[in-house]
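Reading through the structure tokens given below for one structure.
For clarity, chains are labelled A, B, C and D in written order, and residue numbers in each chain start from 1.
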Amino acid sequence: MRQLTRWLPEWASPWAVVAFVFGFAVLYSLPLVISFDSYTHGIITQAFVFAAAAMAWNWLGGYVGQISFGHAAMFGVGGFLSARLLLTTSFPFWIAWIVGGLAAASYALLWGHPTLRLRGPYFAIATIGVSEATRLIATYWGDFTGGSSGISLPISEGTAKFSLYWYALYFMAFVVLLSYYLRKSRIGLGLLAIKEDVDAAQDVGVSANYYQDAVLFLSGLVVGVAGGIYASYFVFIEPGDMFGFERSISFLLMGVIGGVGTILGPVLGAFVFVILQEYLIASYPDLYLGLYGTLLIVVILFEPLGLSGLLLRIARLFGYRPRVLDITVGDTKLTAMEEPEAVEPPESDVEPARKEAKA
Amino acid sequence: MSRLLEGEKVSKHFGGLKAVDAVDFYLSEGEILGLIGPNGAGKTTLFSVVAGSIPPSAGLLLLDGKQMSGWNAHRIVHAGVCRTHQIVRPFARLSILENVMVGAFYGGKRAKRAKTMRRAHEQGIELLDFVGLRERAARFPSELTLAGRKKLEVARALATRPRVLLLDEVVAGLNPVESQKMVELIRGVRDRGVSIIMIEHVMKAVMGLSDRVMVLDYGKKIAEGNAEQVAANPEVVAAYLGQEA
Amino acid sequence: MKAVLVRKGTILLGMLALLIAACAPTEDAAREAGDEAEVPDEILVGATLPLTGEEADNGLRYQEGYELAFEVANEDGGLEIGGETVPVRLELLDDTTDQATAVNLAERLINRDQVHVMLGTYSTALVEAQSTVAEQNQIPYVNGGGAATAIYDRGYQWIFGALAPVELLATTQMEWIQKEQEAGNVPDPAEIALLWENTSHGEDYRKGVQDFAEQSGGSFEVVVDESFELDSKDFSAVLSKVKSSGADLFLADAHLPDYVTMQRQYVSSDLCHDVITYGARGSEADAAEALGQENVNYILSAVWWNAQLGEQGGQNEQFINAYKERYNTDPEWYQALGYETVRALFTAIEDAGSVEPEPLREALANLEMESILPGGQLSFPEETGYQADYPFVVQQNLPDGSSPIVYPEELATGKAIAPNPNCEG
Amino acid sequence: MEEVVRLGISAVLLAGLYSVMAYGLGLIYGVLRIVNLAHAGVIMAAAYVTWLLHSRLGIDPYLAIPVILVVFFIFGVLLYKGVVRFLPRGAAGGVQSLLLLFGIWLVMRNGAYLLFSGNDRAIRTEYSTHSISIFGTSVAQSRVVVFVIAVLTLAALHLFLTRTYTGKAIRAVAQNPDSGTIVGVNVERFYALTFGIGTSLGGLAGLLLATIFAFNPTSGAVELLKSFVVVVLGGLGSVVGIALGALVLAFAESYAILILPSYLTAAVSFVLLVVVLVLRPGGLFGQRVLA
């Protein structure tokens, strides 16, 4: 373990690395050991892709605290561009995905740069506007998206679809690493500061605009690649489905239900979401919106960390106490065990000019 | 003593209101400049302008003779000017140490910033030790008293390796014992080579600490000089009396 | 198998690019081509339909058609293959009008439930998405719910469509209009205001009208050509444009909800045209109720099937009676298409004498079936990408609430009225 | 030219409706600093209630206005007392309340779907397809009626906000959130009242919409966003501001057809929303005075 620690970057704890490698190995070999039917195989593949997208949503929504109702815009741009590339060029599909992702990220930056200056609800509302406008324009722009008829990719043999499982897995694994990095490295601290109080963060030197833009760029990149993989999996894509509001909401729900701001919560959220969608919703299709709405209400009112928070509570029943951080000062070791139950709201709502008046 | 920070005709208007009206000021290396004035005189607004939280409507800000007006807050922090907030604004869900580490990671010139967790951690502990919060490093800001939070605010600002520290009423609201400690802390900060502008309502503190005092009223500078000169200035007396009336 | 595992297992994390480039495992065993070409105990047919969500109403109509056809087939014990009579069972799931769900459920039906053959879902987008699964898995997929040519021009070999293309719908309507034009009931040249929903359905309709107008040698000219979003609420701006254009003919292609909304705004903006149509919509009883009979009079519509075809007796009459017996109302074209799609599949299974994919595909491709659809014949010609091709029937709403077939003449049950008498005075 | 006039008239008529729906949203935001995404659900629910009253009990939609106002006022108060009360407010809590009210909207949508199916409904009265002539162009009669009702509502609202104590308090708090404590009213009651009034305005908007357009469980979403545009454009300073904001939006939408393909006119309000938000980063209230 010591050996391992030495060459690991600072932000990666050895246990996390072991868990990651183990988890990766299990997921990697699972379909080789147990042979799923291709339906289950496909569902897991989709869950990987959505987990990655949900984590990317969470970078913005959870790490920086900017809730987006518009991630479908990037999903669509990534999906359609990579589909177009696959149709017109002989790029290997992973290059098409990455190019699609980069285009999606650039598009995110285009609208995100001005709108990220807005905070809280304003940003959220602006993203609705962005994604709906994007959807309409994309549907209208038939030369690119095929209009409402969508585009079909050349049909791949079953084997190509089968192997998407591993590509999706690599993709998700990469996003997990990035998620971990963005949270645990020094950048994570800066992002948290921005989430807590943008102005105060700028006042201690955090370039909030730069970091928000950067996070949105990365988030758009991942969601765009997810769109590309989705396109390759489903072979046929259509703007109403790719750019739809429902799509944006699904990322949000995965993030919020799994646990906003946690590292792996969105993965949990994505898996739960996909399982609900496939098994429960297939039996009670009339209830899915209400179910998600109720989950959202419950999460906000009772368990802000969603399923992750719930797991934590259960773990606590069994005596688990999460360590927030260890601090060694000289000879004494200070350990903070849990976040305090009640955290005072940051006193940030007062205008600078008004503060003076109050004093 | 060379002029470290200088403002020429700095103004900030909100609509028709001239919150800061063509104020000239300067701060020398190693100096403590007291900034006083009645409520609503524009002191905090001036701070906000200097720190880049809000852009000036007019005027020039120079650091080491180099123009820096209109820069963003973070860029000004990188250049070496950092403010604290009158109403403290700790990052509530970060531990006290992490609060300070944010400054260590992001403040000051790029080359001087903490590059590793370990380094930021050490710097943070050192600063918390300096302000007297070391034992509480792993706690959360909400567990601190007001005095504690004000100290945290100072430690966080110091972590950005400022050359100029803008302290906004760090003494106000503290009891006499705490005030005394804070005054000593501010001296300690100056002894670390940081020049300070402080807004303060507690006259004893500001008069005792400041090398020089500047008085604002209705956004205008009405007096400047050492403590005795300012206290004797009839305009200053009038401004304060007027407010009391 | 093990070797693969070991080799793959040695690859380390973090090397994403390398991993992507590395070849991924391939499906070890391709679909086993049926142990022996035995006759199964039961023929299992998989299908999804939008039983909830936006298209729920139509999905439920198709369900009625599907179930009726299965019931009729099983009355005699099932289908005859290989000299045996084998019952057929429908495994029907709800795709909730969602593309991803439709695709996943098709995957489930084919690979988990091991259905022998797939029936299609309803509405073009869903069929277009779902049919890819059947093509990938090489399972015959017969649908009566996807009309857009986009589905069939992809070169797929396993997808069969019983809905004639929407372009043809437009063409049939235009033929009738041209006939009226020649009779002097419609101005020559006539200006067309063309509004179409921005879906494949609408695109095909638009193409049909435009092509016809271009080939008409100046008799028809499209002066307004606008699309609108599905489920729009306010058409006042686009109707204003129509008004300003002074067009003679109002040709729109809309789904039922948009037809109702648009027609209401059309009437209340005091618009009137010599010919007015909403493509396939117009004769629906729901619409007459929602708008008032006086506001739907003389609307022209072209559909794939009409219950009046039963007046000529034969299979149509049988179908209508069987349907009435079960559901106590008259069938609409949805049910008829659902029914006929299933029948086409059953006929092909009996022709092939097998439910093995390859022979069945052959049988479908060569199908020649006597049909309840207009024209009396159903086949899936290879030239059209296995999409059926038969005439539409044009009908017109009359003030007495009936909608007789007015074109083609050999099927007509009533006389057409043009120009629209509403516009006089 | 004729088309320009016709589009202009239809824009003005639409603006009345926009003002009513925007005011409900703006009032709640102004006082509670909560973006009420459930506003969309309220608009949709009111449309259904109106439809039920008309189709089952034969009550004319316009006569149902008092019923709708009362029903949705009560609904708003209950929503406040039951859920919204527990939420943090202001910039920090804004996101949570946003998500929660979004959840409530989803539940309402699902409820409507279960009760009424996803099909479009429309209210048909004898006069719903009548038209009357204004400046030589014929206009749907129901749109004119809706406009008149909207104007009357705004006038009543104006009187309420300028003449009554509660109304003045609402305006004061909307313009300066800190003054809530100064006003000295029973804050909880005051909030509940505001939420109730805002919701009942949403209800009225839903009723008016139902008399012109068809609706289904997803209705209200676009109206919500349009309300937002209006509030951002017009601020909350006065009824006049809202009316102006509504006019700007309605004109932009109507005249867009002269330069854009009609399909893209639907995007106008969305683009306007983003542009307006970005250009007025101070937030919804342009007139906020920095003291």
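To be clear about the criterion, contacts are C-beta pairs under 8 Å (C-beta built on N, C-alpha and C of every residue); 3 or more make two chains touch, one makes a residue touch a chain.
Keep in mind the model is a prediction, meaning the values are calculated, not measured.
The chain with its CA mean position farthest from that of subunit C is B. Closest to the middle of the protein, by Cα centroid, lies chain A. Once the centre of each chain is set as its mean CA position, subunit A and subunit D turn out to be 33 Å apart.
Each chain gets one centre point, the mean of its Cα atoms, and the points for subunit B and subunit C are 73 Å apart. Averaged Cα coordinates give subunit A a centre that lies 38 Å from the centre of subunit C.
Remark: subunit B and subunit D have CA centroids separated by 46 Å (rounded to whole angstrom). Within subunit D, residues 261, 263, 266, 290 each touch two or more of the remaining chains.
Touching of two or more other chains is recorded for residues 136, 139-140, 286, 288, 345-346, 348, 350, 353, 357 of subunit A.
For subunit C, residues touching at least two other chains, in rising order: 52-53, 198, 227, 229.
Against subunit C, in their complex, subunit A makes its touches with residues 20-21, 24-25, 28-29, 31-33, 35, 37-40, 42-43, 46, 94, 136, 139-140, 146-150, 152, 155-159, 161-163, 165-167, 170-171, 173-174, 177, 234-236, 238, 240-241, 277-278, 281-282, 285-286, 288.
Interface of subunit D with subunit A (complex): residues 35, 83, 86-88, 90-100, 102-111, 113-114, 177-178, 221, 225, 228, 261, 263-264, 266-267, 270-271, 273-274, 277-278, 281, 283-284, 290-291. Note for the complex: subunit A touches subunit B at residues 10-11, 186, 189-190, 192-193, 196-197, 199-209, 324-327, 329, 334-336, 339-340, 342-348, 350, 352-353, 355-357, 359. Every residue of subunit B that touches subunit A in the complex is listed here, in rising order: 14, 19, 39-45, 48, 51-54, 72-75, 77-78, 82-83, 85-95, 97-98, 101-103, 105-108, 114, 116-118, 120-121, 125, 129, 134-135, 137-140, 142-143, 156-157, 159-160, 169, 172, 201.
Residues of subunit A touching subunit D in their complex: 65, 67, 111, 114-115, 117-122, 124-126, 128-130, 132-133, 136-137, 139-140, 245, 252, 256, 286-297, 300-301, 304, 345-346, 348-351, 353-354, 357.
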